[in-house]
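Next come two complexes, and both contain chain A; in the first it sits with chain B, in the second with chain C.
Take a look at the complex of A and B:
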């Protein structure tokens, strides 16, 4: 653990100094912020709230080739990423880093998914503390915080003209070493300013939820009509799940052209009807009511029951981007109010 | 401004009727500048209904979005009416749905609301910041007044209104059974100047532009699902057997999707702009739709969603139709 600083105008030097790594950073195109491999350091911005698309796509891309094959040949080329490839996620928010740790529990559960796991093993996370959380951020309610270091290798604080960088793990120290020509030791003033920024950011969080009891109660609301208050206006689109840093479902498809083909996996979402439709045509989640319920139950009941952690990091994206104002905090509050009918005794 | 009491009373009066199943309107959202579509089934819930300049969503989309499960053997299908509140632009969706016989006129009760414009919450956020507490918004002929965290703020109409409102030609509903407020005077016009401006670019530049835009698409299909004219029971892009469009996201499939959707909306898009509003990665979908709208208007003198007696564009033929494209 050590403390450093660099002048913000040297950001391009910092990025180009990381020659040992494949570097991904928040990149601005129009009004959209997304984590892309750095091609032009000038497009990288530390001045953003939460990226439109979460950096889960760096571990779990929207579409990913699993292997390629050629018809008539009993061979295939697996396209598994190497864990040796050093990747650096620069400027990741603490909530998005926490999301990796959640999704990882599933991808390392009964089978080590080599695509996700290898990428994660090769990755160093240089985080960026939030100075101005968005109106719908609620990370402190789900175990995070605007300056949480827990899942990061190093953390940066944007202090205006200066960026304060604190290393947390050996991987973080390795980054600092690679940048020794650009970094200077930080002084007390930067440390104090960072602490103040972290406190201020925490006080700016406007929304919260007490999650106590929710995972236990949700199963009893399975058939409760309260879900319809939300599902009645659900469009059934994929925004809430595709933009969720912890949603991790995928579909697998074979795509073949003439004799060459690939097996690929791509993001799928329980909000689509075809997600749960059986080969027979039967759909156990026939309407948006069951699908809306599944999204909430999965995050706040099934996942905590199985993996001891709520599959939500409070980034606010599903609330911010829902076109019809389906608000996960509103659903959770209403789930607490919903009365479970007494079991009728025969 | 519509008196909320009047609006709620009318809603209650309709909801107590035996021949009405549900009413679709708007209610206050849970944060900031948001309203939420409200689907009300019981008159006692009608008190949440509002209409103000945050009510941007198009309730007509929800008429065809309603999922109907197979009717159990021996049971009768629910044929009760759906009541729906609409602004001028929203009402065009109902007109077009009727033209296409998506449902019968007597299946819906239309509550029309003459509208002076709704605000773009992204513009509001840029000016006044994003806030968790719901914001009160009102509008008069030249300014928008907002109450943000208890503080009164003002902005000019043109700074905050949705782009569609700044070129609105139909502020008054084109179909309605009950009008909830007095008609408003037309306050804007549309010369499709943005389309003409875009067309001036060389093809290579236009292609580069769309390549960048379509590359961003994550295929969440929010644009399709929110569209009041995208009401196919099974959409060709999500059909699995046989599969026509791959589920993988890449520039080829994404482009195919957006071109398909634009063409399927030719002569049908009623310009409520919902597709563009909902896009999480800011794809300017209306640029495509407006080009087709302008072409359809110029080539065939046809405008969708304005006349319930009209024929759909692709089902009508006129010997005078231009045919320069036929060799």
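Take a look at the complex of A and C:
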């Protein structure tokens, strides 16, 4: 653990100095900020609230080949990433880093998913603390915080002209070592400014939920009519899941061009009917009511029952991007009210 | 066993024999397959109830129960109903063709726990496929179990799977009770639905375990009737099925409540399922 600083105008030098790593950083492409491999350091921006597309795509790409084959020949060419490849995620928000640790529990459950796990093992996370959380951020309610160091190897604070960098793990120290020509030791003023920024950011968070009791109570509300209040206006577009950093569901499809084939997996969403429909046509989740319920129950009840952690990091994306303003916190609050009523009548 | 370094890679199997169990649009075809790489057998082991992803390259893979018992050495059997894209493509395959198998996955029937008990299997249609390895396991370990009663129904006479094996059960002193949904000529057994046949046979819950598999609506009424007969939830077992893609608890879609059918199942006791409303959705 050590403290460093660099002038913000030297950001390009910092990125260029990380020659040992494949570096991914927040990049502006059109209207969208997403994490891309750094080609031109000038395109990297630290001036964003959070990336529109979460960096889950760096561990779990939107579409990826599992293996290739040639029809008629029964051999498989698996395209598993190497855990030896050093990848550096530069500027990841603490919530998105926490999301990796959540999804990892599932991807390591009995069978290691080598595609996700190998990428994760080779990754160093250099985070960026939030100075201005978005209107729908609620990370402190689900174990995070705007400047949480818990799941990071190093954390940066954007202090205006200066960036304060604090290393947290050995991997973080290795990054600092690689950047020894660009970094300077940080002084007390930077440390104090970072602490103040963290406190201010926390106080700017407007939304919250007391999650106590929710995982245990949600299954009892399976048939409660309140689900329809939300699902009735759902369009079933799936954006709440595609842009969720903890949503990890995928489809597997074969694709062939002449004799050359591949088996690929791609993001899928429980908000689509096709997700759960049987070959017979029977669908255990036939309407948006069942699908909305499953999305919430999975994050706030099923996942914590199985893996001891709520599968939500409070990033607010599902609220921000829902075209019909379905709000996960409203649903959770409603579920708490619904319980109270049920307990009263019981 | 599954390739530990990459559980998405399947084994290639050669079809040694293939035949139709039932006719029609939704025909059921049984495939008897063997690994192309003989060495797979050195590490392969499965238990009754376990499943595998069976597929055809270029089309995809779907989850099926392994319908052969471990005692049937040197091959695996899958009985597959023609229903969707993958099953139609698999039905095109004949002896000599290859397909892929990825598994075994999932849990299995607790057959060791059941030693010394009377076993009742209640199957409907293709639901007999996961019960067949249970029946054959008990047949090959006959002294470890008390009575075995096989209750099995299908829509018509022709829609029964594994017809050629019913005679063997009776010869061994295993009671085999059959039904069809509506009257047909030359049918001397029960006519009616499986839950009704169950009440007709009325097995005793004393020192017994009942295992049921079939269409969801049948399972629902069979369980109701088993409870009427005095079976406790802990004495009732079933297998569930959902759409699956990965088979190893990652892709998400097969959950019923907090349980993943592919990994926590497919075998569940009713004691577990009765508190999970989605289990019978």
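Here are a few things to note about the model shown:
The definition used in the following text is that the second predicted complex is superposed on the first by the 338 of 346 C-alpha atoms of A that agree within 3 Å, B and C clash if a C-alpha of one lies under 4 Å from a C-alpha of the other, contacts with A are read in each partner's own complex, and residues count from 1 in each chain.
Keep in mind that, in the parts below, a residue touches a chain if its C-beta (ideal position, glycine included) is under 8 Å from a C-beta of that chain, and two chains touch if they have at least 3 such contacts.
What you see is a predicted model; the values in this text were computed from it and never measured.
Superposition model on chain A: chain B and chain C are shown accommodated side by side without a clash. Here the apex is the CA centre of chain A, and the angle it makes with the centres of chain B and chain C after alignment on chain A is 90°, in steps of 10.
In the superposition on chain A, contact is made by A:251 with both chain B and chain C.
By the touch criterion defined above, A:121 reaches neither chain B nor chain C.
Of the two partner chains placed around the shared chain by superposition, chain B is the only one that A:52 touches, whereas chain C remains out of contact.
Of the two partner chains placed by superposition, only chain B is touched by A:235; chain C is not. Contacts of A:3 after superposition: neither chain B nor chain C is touched. Of the two partner chains placed by superposition, A:13 touches none, neither chain B nor chain C. Contact with chain C, but none with chain B, is seen for A:69 once the two complexes are overlaid on the shared chain.
Closest contact between chain B and chain C, by C-alpha atoms in the overlaid model: 6 Å. Chain A uses residues 251, 253, 268, 277 to touch chain B in one structure and chain C in the other. Those residues of chain A lying in contact with chain B across their complex are 29-32, 34, 52-53, 62-63, 134-136, 206-207, 232-233, 235-239, 242-243, 251, 253, 255, 264, 266-269, 272, 274, 277, 286-288, 319, 321, 323-327, 329-330.
Against chain C, in their complex, chain A makes its touches with residues 66-67, 69, 71, 74, 76, 78, 80, 106-107, 109-114, 219, 222-223, 248-254, 256, 261, 263, 265, 268, 270, 275-280, 282, 284-285, 290, 294, 297-298, 301-303, 305-306.
Those residues of chain C whose C-beta lies close enough to touch chain A in the complex are 2, 4-10, 12, 36, 57-62, 83-87, 98, 216, 241-243, 245-246, 248-253, 255-258, 263, 276-278, 281. Residues 29-32, 34-39, 57, 61-62, 65, 67, 69, 130-133, 212, 216, 218-222, 224-226, 238, 240, 246-250, 274, 277-278, 280-282 of chain B touch chain A in their complex.
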